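Shared between the two complexes below is chain A, which pairs with chain B and chain C, respectively.
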Partner chain A sequence: MRHDFYLAWQYLRHYRWRSLTLLVCVSLIGILPLLLNEVLTQGERLMLQRAKTTPWLIGARGSTADTTLAALYFRDTAPPVAYGEINRVEQSGWATALPIHARYRIHQIPLLGITADYFDFRHLVPALGDLPGFIGDCVLGARAARRLGLGVGDKLVSTPDNFFDLAGLVPLKLHITGVLAATDTVDDEAVYVDLKTVWIMEGLGHGHDSATTRAAPTGSAFTTPETDPASAGAADAVEITPDNLDAFHFHGDMERYPVTAIIVAPHDDRAATLLGGRYVDENLPVRLIQPVEVIRHLMHNIFRISTLFNLVLAGASGAALLALMLVFALSLQLRQGELDTIELLGCDHLTVVRLVMAEILLILLLAAGLGSIFLAYIRHESGILAPVLLDAL
Partner chain B sequence: MVEVKQLIFQYPDSTYQLGIDYFCIKPGEKLALIGASGSGKTTLLKLIAGILSPEAGMVTVAGTSPESLDAAERRNFRISRIGFIFQELQLLDYLTVLDNILHPYRINRSLQLDRAVRGRAMELARQTGLADKLGQKPGRLSQGEKQRVAVCRALLPMPRLVIADEATSHLDPASKLRILDLLFLAVERFSASLLVVTHDHELLPYFDRVVDLSELTSRHET
Partner chain C sequence: MNPEFSLRYCSMHFESTPAPPITPMLRTVFTLLLVLSNLTTVAADNLQPRLTVVASHYPLAYFAGRIAADHADVHLPMPGGIDPANWRPGSSGIRMLQRADLLLLNGAGYETWLAQTSLSRARQVDTSSGFSDRLIRIEQAITHSHGGSGQHTHTGTAHTTWLDFSQARQQAHAVAAALGRKRPELKSRFEEHLQALDSDLARLDQNLEALSLQYQTLPLMASHPVYQYLARRYRLDLVSVHWEPDEMPPGSEWDALARTLKQHPARLMIWESQPRPEITRRLTQLGVASVVFDPCANRPDQGDFLSVMQRNLQNLKQARESISAVLQK
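Let's turn to the complex of A and B:
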């Protein structure tokens, strides 16, 4: 047997590209169903894990899935809720409320408007630099920093996603004050700014050229927003600096300013029950969402679809396997001269069969090895699975 | 060493029949077999080697008739007693020169591949000027080098009979003599007999005996 495998290995090595193609084909046939299962299982685990750390969400009436995916994965657009809803929760004293504004993207990376509490809530700490201290500052998730190729002290210019969207982002030069430590979650792939910064980019706030008309200083970006009754005639600022920071102000009732959702963390079960009771009324413009339930429902649907997909995959794999058998058969026909030579040299039929079987076995073993490495990689890099699943949604 | 009596053979799809009343090769004899193309020289070699079976008559090699052996015994007999150098050389593209020489030992369990065999293979390669080509594949060798590899492969099991079908064709004169020297040296060392089919009349004086197949055969159309 040793010689059979040696000769088979030499054959596969000599015709390496042919062998590699065969290897990848066999590997794919074997791995695809396993990969699908792995993606779904790991993806479900990771998505539920994140959902469980987000007890409740307050979102506008409409699709609970849209609001959940927007608030947890910054993936989708959801109808906005008024920022003032946060006061309703906090005044009750039953829960902590964290607004999240996830409507925009900056260079294809989610731009999140949040308050400083969000970093504590998600256990996000800077690996380099500091968290944003003022409006116009931003901090990058670890993967976002890699993708953008930017670091502390650099500037990031926000550009409208769509030039025809006149209500889109106002171009703003953001100061990068820090890069967050990697968490292997979607939090790594986002740009974080203060909520007020997003509102300025959204056109709800602006600065003045004249220092005499500047609004009162707002100080830290992460203070409770206040309504600014400043007058009109302002021009959008390109860059917010210590010199013009005071000139920035907001118009209208800030309580009505939009956020994508509000993360709600009740202090205890009783508080949760009481708070839940407040949102039972279906006439309210907002609703309380349990992300765990939404994600479970989504995954249930995905698993149902995956059953169908598995059937299709089984059919396709069967067809591919038949094609591979045909390739093997044709290959043997092409090698008839070589096999005749081996027989002429004194090899029996059985040995010829053993040689061919050794080749097939080697390909299967190598394909299994390749598949295992790929699966192991997928398991190791499981953080990428949730986004993959979300993209598929 | 080899005795052929009253031999009759015919390929299934052919109307021609090869018939030989008597033919022999003595132990240690170096014999050249000549004849016109298509006269049945290669067929006779294959009959002697046991690759083909006669319809009638008898072939014995070293006192054994391949016909009396079953398929496995005949293969073992051929691989251990007869070194066959094919006209088409039959080297395997995916094996190195060394592996091609050792190939019979990898495909037949009656031969044991050990250190001594490897040493002998390398010595044969050295004698044929292939010492620096052992790691190369046949695709990178000249025709003459390929022929030398085929010769080494045939000689490695130290056969009692060496059969060479046009073993020196496509070679330059110097290489022809080198191969012939190697074959002569090998048969003398192993006390083997040598049967060479050749069209090269310049080489004939080097042989103990030259046989023209047309003088042996009663070849006719059926």
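Let's turn to the complex of A and C:
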């Protein structure tokens, strides 16, 4: 038996590219349904986990899914709500309210405008440096720092990614004050600034210093895109420094400034019920959203699609298996001369069958090993599944 | 609870119905149990980490210190000798503000640095929000400078809210409520301390109210526009200039003052601190005496908020007596 496997192994090694192709084919056929199942299960767990830690959201009337995906996973855009809504919640004394502005991306990475309470709420702590202290400061999520290749003390120019934003954004040279410790959630892949910094980028606040007047709205179709994240758009960028910090101010009623959503964390069940009662009026421009319900609904739809997908996959896998069997059969026909030679050398027919079976078994075992390694990697990096899933939506 | 009181209360309760006599042994055991229970409560309270409270000016720090007593470390982020209204946090200041469990703010636009900083909203307490509808808007603001502190403008809202002691009491209540929310188990203790502080502030309010009756017919000048709430609460006829005690005003300011005095014949100018002797002399030549009413926005070199305010009242009383004496002559 040992000799059978030895000869089979030598055969597979001799035809290494053909063997490798077979190995990958068998491996893929085996793991694709498992992988899909794993992605959905882990994705559901991660998405629900995050949704469960976000009791309520206040968002504009419209798609609850858009608001939830924007506020929790920084995907999609949602119609804005007025910042003043936060006062309505805080004055009730029943809940803590956290505004989140998640409309923009910076070098393809979500740019979040938040208040310092967000870091407490999501248990985000700096692994390096400090949290932002002033407008114009930013802190990077662990994965965002890796992707940008930047760290504490570096500067990041906030050239907006959205070329269709007719109003344009004021590019800011952000000071990186810290890098957050990894949490294996979507929080790792964002750049965080104070809410007021985003409002300055939107032109709602500005300075009167000569250094700040160089700002010119970008987003023009004539702008030549630059590739270096640290310097892209730097020529026109405004930098907030200790010298011009005091010159920055805001115009108009700040209560009407836009935010994507407001995360609401009621102090207890009674407070939750009382607060909920204030948002039952359908004539209000805002609504209270329960992210868990929204995500459950979304996942339910995804699972319905996945069942269909599994059926298609089963059909495709069956066809692929038949094709593989055909490949094996044809291969045996091609190797007929070789097999006859083995018999002429004195081996009986059963030995030849054992040799072929050993080859098939080795391929199956190696394919199973390869698939297991891939699945283990996916499980280990489960944090990346939620964004992958969200991007696929 | 006082064990002696409890024991007496229990004895009285037992007297109404026939009960077995309390032996000295039983009494001792009972007392020991009560003492032990008290000690356990005190120990449990002490196990709680002390709150870190940061106040944006001294009166709030004083209120927090009185109310929280040993249960909080109260900090003023700015160095002594500067006006907290003109202070801006640097990198060390911002870290102190960020690490605070409670950030006590005056509100009324006092903390102009809020717009440029990134701080927790949930930990901020706007102590003047309870009377936000009664804040005084400043319509005509003048940008000016004095000394090396750079230019500043008294725009927007008058912010020396605590000089109306009834408002100061409300601010103290807001501080106590915020501390109580942070440490619900110490709420009754904070309430106790608040009562003592509130009595002191109420006494100041009554005394100044009584003293203000002597000022009803007396036009007054103020060296700086920081006494709006004091004037409103105690019905003082007050006109402000923009002078500093350590800086001799230029001739144009003296001319402007002379013109103002024709319309508003003031006999007394209120100062935030003792003005330079040459200023006092020149004012005296114009028939205007000087009196210090320290708003006490930063930590005083001597005494505390209460003693500074009592000294202010004493100063006003003496000044009124001097003016009366001059007028009688």
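Here, the second predicted complex is superposed on the first by the 360 of 393 C-alpha atoms of A that agree within 3 Å, B and C clash if a C-alpha of one lies under 4 Å from a C-alpha of the other, contacts with A are read in each partner's own complex, and residues count from 1 in each chain.
We adopt the following convention: a contact is a pair of C-beta atoms (placed from the backbone, for glycine too) under 8 Å apart; a residue touches a chain by one contact, two chains touch by 3 or more.
It should be emphasised that the depicted structure is a prediction, and the values quoted were computed from it without experimental measurement.
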Partners on chain A (chain B, chain C) - clash or fit: fit
Which of chain B and chain C A:Pro266 touches, first, second, both or neither: neither
Dominant toucher of chain A (residue count), chain B or chain C: C
A:Thr351 touches, of chain B and chain C: first, second, both or neither? first
Partner chain in contact with A:Tyr6 - chain B first, chain C second, else both or neither: first
Chain B versus chain C as contact partner of A:His14, first or second or both or neither: first
CA minimum distance (chain B, chain C), superposed complexes, angstrom: 69
Residues of chain A at both interfaces, chain B in one complex, chain C in the other: none
Residue ranges of chain A in contact with chain B within the complex: 3, 6-7, 10-11, 13-15, 338, 341-342, 344-348, 351, 355
Chain A-facing residues of chain B, complex: 51, 71-72, 75-76, 78-79, 84, 86, 90, 92-95, 99, 103-108, 113, 137, 153
Chain A contact footprint on chain C (complex, rising order): 88-91, 94-95, 98, 115-123
Residues of chain A that touch chain C when the two form their complex: 86, 90, 96-98, 115-117, 120, 130-135, 137, 194, 196, 205, 242, 245-246, 248-250
